[in-house]
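Supplied in structure tokens, the structure appears directly below.
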């Protein structure tokens, strides 16, 4: 395998929107995509393998295994003329710049071949050395129309600065090059490695933007656990060193 | 040399099973494959060279040298209709993900071209910070039939979790993609870099699975030396720092 | 995207000279190219993208984004028969040797395809552990004629030794291989990461060499700020540790 | 430039022997090749460039520059039917395994295309944490005939063990694959980064093997300087810390 490959079964979707949530800052992308997939009971229809992913095999509870991969799920909108969704999630991003450029362009081309016209990538925006209680959602987008549309839902443009690493950014750029509208939504995050609060903030925006009801119970409970943990660490901090076990949850 | 290459001489084998034991965790794979090769007096028939292996040449006692390589040995089963064996061992695994994907798929294709239908890769499963006295053997496999067959020999499925790095895992996945039954057997290991006890546990299972008698004397003696060493270190530990020389055997 | 690509709009230039100022030692190249572009109001006409650049997307103040890139600007000389200029600047250089060899040869070929005959690359020459008050400008060039011409403007040849890393050096070499006259001018620098003083020294030489008036006000003010900062740090040093904030400006 | 290239002018040589001395352990290879080239007044006829070499340009005293490279020199033997020599030296070896495999095979093929039948690569064999007063010369070779021939000159076979990294080893292996006799001679070295004593030991053997007189004055004087330095450091050591300046000569 010298190049990345997408293995897929043919399906027909109506004006699909691609939501991309891959591992990254605060795990915001992964949390959002996993939650969406679970709540919408989205179905897997495609797998992307790449020699740029870590050379790893994941052991499964059923005694089988699978290669590290990115996976595409679809969800059929029941509303008349509503957009169907494709959700992309996975174990890893490509490890090298060369790999990132190859894999992310491939994702965009695959989506385009399915008639897709709009992509929303999800990431975290690391702005603080403290846990963010009320995370804002920052954005970049490929067109002024997209910016205007997202601003109406409270996405903040032109404030975040610096660079977006990896798929969340590159997919937006390759979308632009292939005439697909795209935006990257970034939940404000800090301190924790798995930030369910930032993910929840993004999910609430997504729910509005996509006009889809999303049950927040699961992500809410992860968020509460994280916050309980942070509180206990803060209290332990006051008395000395926190336990090692707890610290693994913290960057 | 821009790509990996297999140099081989043509041989005919009867329903060969490929056993893969390359350098890795606890050196379990290497120990098993070397022991098998030696005890069965298997014969070398193919060499895999790769620009993804370390750019090294091994000096030989006879004054010659050879490139770092993976090497294939065959053993003809004397039992009627018994499976012949191919044993793959070597000095190194590919150093990069791109190399791992290339080399491991090449190994599977080569084996397939010889009419092979079943692969067993050997690895270590690092579960403990202590030396494992009675190592279990964990497995993953490509099909429920393979899982069931191996369970009968006490291989434990669905308990080990996480990722398998390198050839032990990737060969199983590429086998699946090329319609070859495959399993990875992992000897439970900890602390020591060269774990003859874990290797012995796997060899005992292999002996059953393959229905081949394997003399365990050599691996048993390595195991005893390791354990003697560990004991002497533990005793030294009680009195202070162990000697540097001994520590080189310990990760 | 497996290879670097230049996206450009066709323009006609008169005997263009290419000035290359990419990120590097003391940011001398970047400062010079940015200043030239701004003062001459040069216009962008080409963008180089590369899978060897960091896999990053830059967030823009207008809510949009762009890939990390190198960018070509042109300036039309109003003097009769005066050379037009092409200015190359960017966010990054290729990250690997393979990438450097590919990208820099591509730049030279692109310039040659536009009828270019002369290239001047800009870099820093790190000679000192202290801030350089009166930076010299060192050079290497592809021909004795070029050396002689530049010596008349006080560029110092044969004194700097060692290696030039990256585009500043490789573009000169690829130019030579494609029969284009080229030189690298290096402003003497030390201590500071962004050395406007070294950049100013190079700009003054460029102004002479290219026979173009360049307003120095902006670079002069950056230089003054840097020197004020250095002075305040030196004073803080006398009294103890400088503040962390200030130190980020210092290598 | 996506691949390594050799730029050469056509020359005719009589049964040339290739001597390879590239940067490596103790700089033994480089010292030997540079000394041979200088003493024999060998002439450059070919240059190897590679995108696997460091992306560097070397500044020259004449104000020009050149890419990091490997360079071929030839020397015409004045003895009737004596072997002509090709000497390969350079600034660097390829940085990655992929590069090493490509560059070293290219070198062997180029030499073969010139009718070459025998290669001797030079390296260092790091055996000691102390300076080696009377360095032995160890060898590996591609055939028993070559081993026997070299043993007559006191080269020691079958004693050195472990791996040879880089060109010194890989060129021998690729020679074997292209039916060219080859050997690697390794001067015993330790402690110093530039070991003129080990180089001298190899040069003395080479002089015998090639039946060529080699003036040793220059290498002898480097050797003496090194030994003087070592002595002064040892004395400084007795009294406390050696000066930093001196230590840069020591690994």
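Each chain gets a letter, A, B, C and D, in the order it is written, and its residues are counted from 1.
Here is the rule we go by: contacts are C-beta pairs under 8 Å (C-beta built on N, C-alpha and C of every residue); 3 or more make two chains touch, one makes a residue touch a chain.
The model shown is predicted, which means the values in this text are computed figures rather than measured ones.
Counting hops only between chains that touch, chain B reaches chain C in a minimum of 2.
A rotation of 90° superposes the C-alpha trace of chain B on that of chain D, rounded to the nearest 5. Averaging C-alpha coordinates per chain and comparing to chain C, the farthest chain turns out to be B. Counting every residue number used by either copy at the chain C-chain D contact, under half are found in both chains. For the pair chain A and chain B, the distance between mean C-alpha positions equals 38 Å.
Remark: chain A and chain D have CA centroids separated by 53 Å (rounded to whole angstrom). Contact annotation for chain pairs lists A-B, A-C, B-D, C-D, with touch applied as defined. Interface of chain D with chain C (complex): residues 1-2, 51-68, 95. Against chain C, in their complex, chain A makes its touches with residues 94, 97-98, 100-102, 105, 139-143, 147, 157-158, 160-166, 169-170, 172-173, 184.
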